[in-house]
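Report on one structure; see the data block that follows.
Read from first to last, the chains carry the letters A, B, C and D; within each, the first residue is number 1.
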Amino acid sequence: MAKVPVQFTLNGAEKAEFIDSGTTLLHALRDKIGDTSPKGGCHQGTCGACSVIIDGELRLSCLTLAEACNGATIITTSGLSERGVLHPLQRAFLDAFATQCGFCTPGMIMAAKVLLDHTPNPSREDVVEALSGNICRCTGYEPIIQAVLTAARSNSQNAA
Amino acid sequence: MALALHTFPTVKDAGAALKAGGTRYIGGGTLVVRAVNEGDVSISGFVRSADPALSVIRISGGTVRIGASVTMAAIARHADLAPLAHAARAVGGPAIRNMASVGGNLFAPTPYGDFTVALLALDATVSTDDGELPIETFLAKRESNHAIVTAVGFTLPKEGGFRFLKVSRVKPKGVSVLSIATVLEQAPDGTVSSARIALGCMADRPIRASAAEKALIGRKLTADGIAPALAVARDGTSPPTDPIASAWYRNEVLPVHLGRLLLA
Amino acid sequence: MELRKSYFADQRKDDLHEIGQPRPRSDSPGHVTGKTTYFADRNFPGMLHLKMVRSPHHHARIRSIDTSEAEKHPGVVKVLTAKDVPHNVYTILILIQIGPEDETVLADGKVRWKGEAVVAVLAETERAAQEAAAKVKVDYEVLPAVFDMDEALKPGAPIVNEYHGRNYYLYDSGECRKVRFGDVEAGFAEADHVLEQAYQSSPIEHAPTETTGCIVAPEGNDRFTCYTNTQAMFFTLDNASIILQMPGNKLHFVGGTVGGGFGGKVDVIVEPIAILGAKLTGRPVCFIYSREEEMQISSPRAAETVVIKDGVMNDGRIVARKVTGHTDAGAYSRHSPYGAQKGAGHYPGPYTIPNVWIDTYCVYTNRTPSSAMRGFGVTIGDFALEVQMDKLARLIGMDPLEFRFLNAYRDGDMKAHRQPTEGAALIECMQEASRAANWPVAEQFMAISSYAKGA
Amino acid sequence: MAIRRGRGVAAINYPTGMNLGGDPTQALVHSTPTGNFMVTLSSVDLGQGMKQIMAQICAETIGVPTDRVVVDTADTDTGPHCMGTFASRGTHRAGNAVIQAAREARQVMLEVAAEELEVNASDLETDGQGNILVKGAPQRSISIFDVALSAHFKRGRSISGRGMFLIPRSYPEKETGAMKPSTCYAHACTVAEVEVDDETGEVTVLAVTNVFEIGRALNPKMVEQQLVGGSWMGISHALYETTEPYYPNRDHGGTDFNQYLMPGPGDLARTEIIVLERPSADGPYGAKGPGEMCANPQIPAIANAVFDAVGVRIDTLPITPERILRALKAQAPN
């Protein structure tokens, strides 16, 4: 089996691995690099649990080939908190009781982060649209929407 | 056989590689990688081209050329393509739109391929490494197509001339019950002088509603004016029954939604 | 959310320290940082991947199985068929003495639903397992299948499951679980109106975001650790022990946080075969359902039909209720006989009715076996009951909410299954709903309570 | 085109625990040398927050803050038997087992404290903050930290307890069906408001008002999570979900989250949740099981609201636009 090199920046750290050609980024992250924060909920692109941020864009790691990420900058939910301090989105998810089983949470946070990076003061409609590719089966979405809106407000207060 | 990804600098080289058995061209990966993940062992090689031209949107004098690798997200945020943004945003959720390419959308089986419905209404031209084809011709034979799609081209409709509607059960992101795109031109008095209507999910691939198009010519966009077009909207349709909706339902609501789009 | 403390204040102590406090969840920090460990977040060197060859037919005899090409496929380590499973015919509720054993771990001679597991392939990679699975040749003789419960119960219908010998579950009470209370025919005779209506549902999937699965690792001392997302650790361990004819002390089950269950992870499906694979290869084995398997192979909530016949008086009293329920178990029992009889204990709903007749049946058809789901045995029944209540109210020209007040059970009322009502609170829920939803009802209904009449 | 409004109501009850009982759960509780408490179970947390609730129940019973309790669960090598997490039984069955185990541990803790303070154990109480006080003389006190140290290293006592909860199994009488399905029931009443598009059959759920009676809200925020999510699932069941859209025809079953329909974040109804608490006689601090019943009443309430809106009865789930449209067409005079 042909092994190919991949190299990218993951949550600020340089990563280099040899992987089987055709390996998805999801498998490379979870099985080779050991970052299990992206979850494999469907491997079809229909649940969003594997969402990561590649070069500033939200992507599904289950449908992305790891080899196609050479040189990319990748962010996952496990890399959001810094020195034990939670990212405002993580804080907001906690405070809003927006997690139940937690399986969709890392993907939701990725989708929300990209939204807030581009749209610091989103409307409810913006949030709904941003989360629309991510399935949650426990919460009924409302607490998650509220968490994202709260995080946006706390961000803008901090910026002010 | 183990999988492998082969990247070629030119479309021509990629095209040559595609002649090998078991290979598939990979655009955004939303169709092909999914198929492999789901156990399609007939695919053993991904082929792609790194030709930068595939990712370019070129607009000059009302003529648009969109490289096949351009994503739905790139179309949706392109200022000069604002009239089409709505149709591009109809595809998937935000992550899918950052991956799904216009080239891939041409191959998306029903009930997917909403943007292709828009392209059909725009009477687009599909460019491949083997030449150019009208989109209708391309779609009719897309399963047997072995050429690599390199771009789609079309003329930007006049302001307000393009309309698009996707009907889905789940909001804001859901698979189509059906989708409709129209490109209409109206005389100063409001009568329709030219009409192209494309339908998604009303057959196994996007189709034109030719009878309805004809019935609109010379009519005004009023309830009475469009009535003859709605009456023949189902002519030539053969919608699928799938988990989203039955053929019966799609046929029943097509005139309703077409009417609402035309009167909007 | 609002807590309305004014109700039942006399029955409640509200001076507790920790109970009643909105403490933060201890697991949430792990969830939001991606650090919570789910079963699949483990990776063992040398781990094998298990893929199942499944029946493409709804009902078929297996003439032969040829695994030779699959076994030769590069990367394949082991191919398992029925003969490899020590106790291949099982049923999970045997642990609480609900038999007979009626399901095969791997199909033996016959398949009874489209998607049934036939051959398990273990390989070094997921891809190799998929490729090899495609090379397994199974020669089927397709048999007539039955999908409709009414058809299945007709004489001469194809027999779905020979272990039952008939297309329904045989309870100790006969072909159905029965409740008989009062004289239902006398009730209908006395009633001003009799209304009989049929309700139906189709199967529903739990659709947890995390699919069913497990990873089994040999401990090296003849014990096996099974990391699983089962909802019931010992239930699964004990059933695995029976299927594998392996003493329970050889099995170590480790769960953790499960990515959603909703009742979908109480079947014992992935663990026994994965443990067997680990035992026979000496390697760690991972068997995780694909999303497609989760959606169409894992047990759904059963489809049900519910026929309700009611006798009602012009003054609003329901004087008789007869319920006939059918639960579509699919091809195997799993939890369905239990669910069907749970319905018998639930009808006629939270209403006091003097004459009640209930029959609940568990029926076999050639579809994916159904099993437990959130609201098991009750959800569809409640849909039927409460739509029926609406129809009855409109039939006699009463407000639907007032009609429910009139019939609501209260403490001390005798239920059809002959237990006195205790701790009722239906009336108070309706009173609060009347206020909150601005659905006014007559003052007399706002004045009553669930406490025993006269208490 | 006409958008028609309607509303409907439904009221339900739901049994707590496995039907007919016979479903045991055990718990063990012990203190660490520094007075933290470990609850050992084999129950499974599915995301409903079982671990957190067991910690709060143990903390309340022992008399310490919740953050001094750690729950170790879902390991068959360490945790005693639990029937499983299903049938709205987790909080009720495991909670009772934890209370019993915690009481036994608390008794030992108080006995050790009594020896240290030279009083009778029956004269002691906890302050919920980690201290044990002499009733009526709170200045005489000892921290649970010190009590645990003393128990471990001075007095040789194990501050621990065992808990087991079992509702004896009921066997239905064959002919009459006399039986005891459950010992306690949760209750609910839901009012749903819908809009129905009478040309397409599409339903929009505008609002659901849910009143739930759940015995006791052990952690109100977590109860809210489950009730809000359950209400969403009820709406989903009413209008969207099935693996066999053309049942009993077996074809066209969905295989992904695109084809298996559930309301998206853009389909949410205005959701009101009101909770009543009538403590159950045998529930842990009065709790009943709300996890399943909270998804039930929306289904008939929506069905009734659809009828109220457009005058057709859809007696088959899910109530799809197609079923509504077919019924409307069948009803139409033409």
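Quick note on the criterion: contacts are C-beta pairs under 8 Å (C-beta built on N, C-alpha and C of every residue); 3 or more make two chains touch, one makes a residue touch a chain.
Model, not experiment: these values are computed from the prediction.
Of the two chain pairs considered here, A-D and B-C, the higher C-beta contact count falls to A-D.
A centroid comparison over C-alpha atoms places B as the chain most distant from subunit D.
Note on chain placement: the centre of subunit A and the centre of subunit B lie 29 Å apart, centres being C-alpha means. Averaged C-alpha coordinates put the centre of subunit B at 42 Å from the centre of subunit C. Separation between the centroids of subunit C and subunit D, computed from CA atoms only, is 17 Å. Multi-chain contact residues of subunit C (touching two or more other chains): 25, 27, 207, 257-260, 262, 290-292.
Multi-chain contact residues, meaning those touching two or more other chains, occur in subunit B at positions 2-3, 38, 172-173.
Looking at subunit D, residues 46-47, 49, 221-222, 224, 228, 230, 233, 245, 253-254, 256-260, 262, 264-266 sit in touch with two or more other chains.
If the chains shown are joined wherever they touch, the resulting network links each chain directly to all the rest. On the side of subunit C, the complex with subunit B involves touching residues 51, 127, 130-131, 133-134, 290, 292. Of all residues in subunit A, only 42, 44, 46-47, 97, 100-103, 127-129, 131-132, 135, 137-145 touch subunit D in the complex they form. Residues of subunit C that touch subunit A in their complex: 24-25, 27-38, 40-41, 43, 125, 206-211, 257-260, 262, 290-292. Residue ranges on subunit A touching subunit C, taken from their complex, read 20, 30-31, 34-44, 46-47, 49, 76-78, 80-81, 86, 89-90, 93-94, 97, 99-106, 109, 135-138. Interface of subunit B with subunit A (complex): residues 2-5, 26, 28-30, 33-34, 36-38, 46, 73, 92-96, 98-99, 172-173.
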